[in-house]
Every structure is written in C-alpha cells, then in structure tokens.
C-alpha cells in the first residue's frame, strides 16, 4: 500500500484521536506486545500495533475501514500488558466511534456493527435488554435468520429465553440520555 | 451497611440461574440487598464500542439513583456490568467536565461516592472468608474445580483494582473454602470472545474452545465463573464447540454462587443448576452422594 | 654438570585426576641430570614455592622444571621464587600438563605418557638455558599527541597535569576538532562551544603543553621511550607571537567570495586570510596561499599587511621542520564523514536542500553561517518539514560500510529535537532501521524526542528523493505498518556515516601501528588493552579507533594519558630479555629479517674499522621494539639470528628428547 503523508491531515486525525483517547500515540514504541497477546489477532487485517502506527501516520482510510477495529473484543489484554501504559483497547473504541460517526460501513464486519446498533436501539426503546427481541432484530438486519437457531428450543426449555422483557418505567429519562449523547 | 444491588439484564434473562443462586446464598448468609429502583441497562460493550458518552451516561444513571437513595455500595454480580459501572465511576470521579455534562443530562447530582463491587470482591471483602466458612455444611472434598476469570473481572487493573491481573486467585480461594480442589491452568484470564458471541461465532468458538480444552487437560471436573458472558460462551456454546472440533468436553460450567450454595447444603434445584445447557448430573451425584 | 629439580603439581584434582602424577615423578627422577623429582598438591601455594626454594638451596640446583599449569598463569610466580634463591629467572621452565594435557585428554595412561614427553623436553631445554638479563630502555619523559580534537586535548591535559611535558600537534589552524563544530550535544544538550572553549584555552595556556597548530607529523622513528619526531609546521604567513587576533586583516581581505569555509562545510565563504571560527585557539589567522591574491598575482595585494597594527603579516615565512624527542605517542586523529554523493538516489550535491548532519549542526549553531536561525541553503527560507534519514552509508555494505557509526541515531534525535524547539509548529520525520541508544540517558532522550517533541519515526530506509517545485519528495517505507510512504519536505538531513580521518592509514604506517580495513587504528587487545596500539609506546584515543561519542572519546583520551603517566612513573622501561640477537660475524646483511619484522625492530648497523671506514652493514635488533616473535629467525638463511631462551640447540634438544 502506498500512502502520501499530508502533514495537516495527519495532525488533524492524530489530534482527534488523542483528544478522545486522553493518551499520546507517540508513547507506543512498537514493541508489538499488544499484538503478541491479542486473542483475535489471527483474524485481524492489521495488528493492533500497526493500527497505532498507521493512526500516527494519519492513514485514516485504511484504519477506519479495517477489520481490526471491529474484531477487537475489548478484552484489555493489550493495555494491561503494554510496557508503555498505552491505551490500546481504548484506541479501538475511539476508532470505532469515529468510524460510526462517519457512517463508515465495514465491508467484512458489518454484523458486529449491526449488533452494537441493534443492542443500543434495544436499550433506547426499553431501557433494558430484551434478549429475544435483540436476537430477532439482529437476525433480521443481518439476514442470518437461522444461525444459532438450533440453540433456541433448548434455551427456551431451560427458561433462558423469556417471552417478554422488562422496561424501565422512567423511559423518558433514557430517551433523554440518548437524545443528549447519541 | 446499605447495599444496593444492580442485577443487569443478563441476570434477568439468559443467566437467571446466577440471580436465583445469588439470592439463595445471600439468604443463607443473612445479607440483605436492595435492587436499585428502576435500573437501566449499563450499555455493555456496545456503548463503549461506538459511543463513549453513552457508555458513561447509562451506568451513571444507575449510580446516581443508588447514591441519591442513600446507598454506599453497589453489588454488580455480572462481570460486564461491574466493569462498566466501575469504569464509569472512575471517569466520573476523575473528569469533572464529563461529570457535569452527564449529571446535567441525567438531571440528578452524582458525587462519585459509591463503591462498586463485583461478585468475588463482595464475597471476599464484604462477606468474609470466616463468615462463608461457618456456613459450609457440605464440603466439596475431592471435586476438582477450575476457576475461569476471563477479562472483565481483572482488566484493566488500573480501574478494576482487584486481584492480580495476570494470576488472579480470589475465585480459587473461594473454591478452596468449599473444600473443593482448585485446579491451576494457564488460560485463567484468556479471553472467551465475549461480546462477539452472536456476531462472530466462529472466532468465539475458537477462543472459548481453547479455554475449555485447556481446562479439561488440567483435569477439572467443573468450571466456575462469575460472569454471565463467560458462562454463556462456555456453557451454551459447548456442544457446538465439541461438534466443531470433534472432541468431547463435557465440562459443567456453574456460577460461583452455585458452588457456594452446594457447599452450604442447598439443593441443585434451589440453585437452578438445571438451568444450564451442559448436564451436571454426574458431578452433582458425586457431591450429593459424598454428603450422605 | 646440570643439577635439575623437577616439581610435578597436582593442581588438586585438575591434573592429578587425569595424569598419574606419582608415576610421572618417578619417571622424571630417572632422566639424566635430574637430581630430585617431587610432586605436590598445589605448587603455586606458599608451601609449594618454599619446597622449590629449599631444593634450589639445598641441592644447589642449576635449573628447575615444573610440570604444572600454563606459564601464563604462574611462570612469574616461580621465576620470582627462584630469583630469591639467587637463580637467574630464565632457568625456570614449565611443562604445561594442565591446559595441554589433563584438561584436554581423558585416557589417563596416554595423558601421563604425553605429560612425560613434555616434561622431558623441558628438562632438555633447561639444561641448555643461559642466563638472560632483562633489557632496560631509557625513557624520554615527554609525550606527543597527534590530533587536537576532544580526545587528543583530553589526553594532553591529563598528561600535562601529571607533570609531564606534552607536544600537541594539530593539522588545522585551531584545535577543537569536530566537537567545536557541533551546536548542542546529546544527551544533555549542553552547548558544545560553552564546554569546549574553556578547555581549548586551558590547553593553549598550560605550561606543560607545547601546541603546534597548522602542523603535521612528518616522520617518527625510534621506539618506546625514545621516539624521534619530525613535525612540519606549515607557514601561517603571520608572526604568531605578535598577532593580537584583532581581525583587521581578515576584514580587509578582498577575497571574501569563492572560497568555501571548511569549518562551515561549504555553507558559507571565508577570506584568504582567515581564522576558521571566531573562538579559534590560537586566535591567529593563517593565509591560505592557494586563495591569496598576493601569492596568485605576484605580490599585488598587501591589504592585510597594511591594516595590521602590529605588522605581524610576513609573506616570506616558510614551512618549518621541527624535531622533537618523546617517549610516548597518542594517536587521536579523529574522523571524517563518508561521501554522500555515493547516494545518487538522495541527490546530495544536486539538491541544495539535501544536507549532511554536520552541516545541520552548523545551521543550528549561533556562531554558524545563519547565526543559529535554521534556513535552507536553496532560498534561505526556514523549513517547516524536515526529513531525517539515518544510516546513510553506515550498515550498507553495498555502497558504504557494514559497521554502525554509533553516534548518528543520537545526533539525529538531537537535530529533530532542536528543530522542533527552534521552529514552532514544524514537523520532523526520521527514517531509521533501528535505534541504537545505549548510553546513559540516551534511550530516555530518544523517547523524549518522540513523545514530547512530536517527532515521527518511521522504520525503514528511504529509496529516493526528488524535487517537485520547492518541495523535496521523499519516498520511503514504514515497515511497521507495512506501507510505502511519501512525504513532501522542505529539507532533508542525512545522518552520514563516519570514517577514519582521511590519511589515517598513512599515519598508521608512519607510526608502525596496525589498522583495520577501514583505516581505524586497532587496539593491542580489543577488550583488555583498548588504549594501547600494537606498538609499544604508542597509544590510541577517540574516533580514530572507531565510532564513538564525546564521553567515550574523553574516556579514551584519559585512558591513554594514564597509560603514559604509568609508563613514565618508572625510571626505565623494562622488557623481557627473550628478544632476538644478531650474530654480527656471520650476518651477511641480506636484511630479509627486516622485511619480515612486523615491529620494525631491525635496523642497519655499519661496522667500521679503526679508521672509520665501513667494512660491512649488518642487522641490528632494537630491544625496545623487538617482541621476540621469532619471525626473523626463520627468515635468516645465514642462521645469524636467535631469540634468547629459544636457541636452536635448545629446540633441537627438545625434539631429540622425544626420540629416546
């Protein structure tokens, strides 16, 4: 891949990320320990340390369109072990948030994006998660109608899937939170 | 001690066994808790993944309600919820600008005075080992138990401030109290894939599979967890993992409260152990037989 | 008649475990000439040494053979013990039955057999030993330091402070070397001239230091303690003692264009009569005759002469040869930078704004051509973006050298840091292969540059640089993210690799010291004798030995000084007596020996008759230089050279002993 570094764009992107992250990209010295311990590294297109370097170099497009930011499961193994105390897991959150705000649709990890959206929609309308509704909506949106279907009967039998959900009674207050911050 | 209880969505749904067993165990211990009135979902991973403000505001509402109701401490048995509540609490306590923005939106004051405990913290610090020990009626001698901590109980240490992030022992200590043998194994804190259970099942099965086979290799009869997400990956997906890797696992996965409950002499039914997907009959029979 | 005592050492179980020491002792006693053979657990212990002394005394021994560890270990111990009983130390021989037998063999019987052989050889040798006296060489207690950079200055100051007279020879019109060209120095960022000028003044004012600037060493002969040195003092065309350094002359000189300043590395011009920089020591100008109108145009211009108050300008002064005698020499000739034009792809020389690190130092320096304001050479604009490229020439076996230049990682970080301090809102990029920052505070310095000053580091080399309007486009790689990157910059600074000072090989040949294939002087031992050259009496310091920074250069200067002060602390220099000797009667004067001697120890000696007529020319061995290596012995076909202690008859007897 070829990247032409435009100093102004680079600085803008870096400062956007750093402001949201409350941390400095330059702290990372590229030792790779984060990537060494990342449980989902094997599925990623860029290792976590590459994501950091690319962000520092202002490579906005590849970073925001990467699989990596969506595959990260926020396990915090990276941040816990980083010798420089860099917020590796944090940068994944920040990049996901920027990508979401920009409306970037991941080509490969759309399902993860949809899941987060559907989840928050569920919270928005009920204040709490109603699992059956969450799963159903997610299935509809991802057109994965039958995935995991074989689990359902047994889960219902065991009482794990309830047929109705609880709602927060002061649902207005939840709506307000979403209005203010969404 | 006024103790607030934040159940979170899972304990009212797919992981109802956790709440059932928790309430039973607290009853035996004679500890009173009170559910936070009209609590809401903490936003779990979805919120912090794509909207930082929401990830603080949603837990903040619960914290503020608890504080305004005069509580000093919150018990959040779900590891994910406790992690979100602790993180929000940490940020609200250290960033005045953020706190103002959020309390303005909530229209409620919040002084970040609340303490948040996860299940293990609560049992070890608030209840105490001696207290627990004094209630043990049915020691689980001869049962080999692997404690699985996963990510959210211990990481990131700067916020969780609980146990050793690389080599946690708190759950193992509880296991030892019950008379069971704590099994040591290297994958204690390796990630199960957690949040991507629905959206990336293949990845999750690979990660969870590694953990389960590792536990099996180290000779455990039983796995205990303190997190509904871990539980659903380790328990609900276990059959599928066995099929995918064509190798049997057959490891019952129960909550730490259920293990304590068994040692307190409660019946498996009272503890809703039959609510799990992996059949635990064999090991339960062994436990019950030994106590007879 | 020889009366020889044999001592077999067990060395605990080190020897006794593998060699049958009892049997060896018994057999030794049977060798003709041996009066007594004994064995003992530890011969090097006090009781062991005493038994040796007692036997010498009681049995009136003429020679001693020890079957023990390597002579490297205890030869001295046993020789000293023998001397106490009045025996010449060279009558003590050691058969090494530990390193050469017990430690390397397993079969006890065969090991014992071999030990016996070695022992027999030494008995035969000791029978033929002659008394040898150690050689004492007189010492001229004065030192010469070649090179007035920081390492040479340090050596000179330390020797001089030790009360020894020093002659410091510097090629340039001023001392100071490279360090005085630098702006601030890593890792503490102290200003180079602030710490350097006082030292330079100290050198020039020290009563024990005789300073020759604008001078070169032309010839060195002699040996440790007794070197004869010829110094060529190039004419400055200025009577030094009268010059006040007022500057009237160089201000008056019409030749202020076309001559590039060496000190500012072509970034500015200088006059024909000039001082290299305002703080020069001594502050005396020199006339560059190749540029001077007076010399080029047949005496037409005399402007400087006219304005000079004390009238110290003298166009007639000629080069001068000065002879000095010294006892020790420090070679501290420093370094040069590699030629950047080797890299066509970087366009050094073609694009004005591609400069070297040393040039950047001059741009940073308040006394530099831009008075410390960073301006790029092409149009004088202050650059906003600079790309720094590390390892230019270093670690590049194809175009440059394979070694690491050691200082460029650090000075590049320093440059980027200082640039960010001087030009607010500017940006530096550094291309590197890896960062070598192993000194005290160095890693922290690099991290600080990255984390506090916002310098962006990219791991990878640059492939090509080209001009696009007023920008330089740098095409490089960042291997960490796996990207090819392109950056548009206003200026490029190359961290050029260091090489030994031009002509250092000639200096080495003149001094008779060894140097590596690049021209760096080699140490006598890379770890244990880092300050000594391969030749006795000649010491090394600074970058002339290999890449090093200022602290290391200073340490090495002090090390050389302490070696010299140590040498001079004795009244004479003592050399082992086992050196070559020429039989002047049989020598035919072919001088094959001279050709093979690596230490230049052989000279020609004229044998004269009573009337002073030369009858013949023969080889003569200089005891101060000879190491007793024996190369000459093999080269001499008239068999006129022997190394004392290793005479032919001894060697043959050793060999013959094996046949019995």
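By letter and in written order, the chains are A, B and C; residue numbering begins at 1 in each of them.
The rule we apply is simple: a contact is a pair of C-beta atoms (placed from the backbone, for glycine too) under 8 Å apart; a residue touches a chain by one contact, two chains touch by 3 or more.
As the structure is a computational prediction, the values presented were derived from the model and not from experiment.
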item: Chain contact graph, described as a line, ring, star, complete graph or other shape; value: line
item: Leading chain pair when contacts are tallied as C-beta pairs; value: A-B
item: Whole-Å gap separating chain A and chain B, where each centre is the average of the chain's CA atoms; value: 22
item: Averaged-CA centre spacing for the pair chain C and chain A, given as whole angstrom; value: 61
item: Euclidean distance of C-alpha centroids - chain B vs chain C, Å; value: 69
item: Residue numbers on chain B that touch chain A, as the complex places them; value: 9-10, 12-16, 38-41, 43-54, 57-58, 61, 105-107, 151, 155-157, 165-166, 189-191, 193-196, 198-201, 203, 207, 236, 240, 274-277
item: Of all residues in chain A, those that touch chain C in their complex; value: 1-5, 7, 11, 24, 26-27, 29-30, 46, 49-50, 53-54, 56-57, 59
item: Residues on chain C engaged by chain A in the complex (per definition of touch); value: 385, 427, 429, 447, 450-451, 454, 456, 458-459, 478, 480-487
item: Footprint of chain B on chain A - complex, ascending; value: 20, 39-40, 43, 71, 73-77, 79-80, 89, 93-94, 96-97, 100, 109, 111-117, 119-120, 123, 127-131, 135, 138, 142, 147-148, 151, 154-155, 158-162, 165-166, 168-170, 173-174, 176-178, 180-182
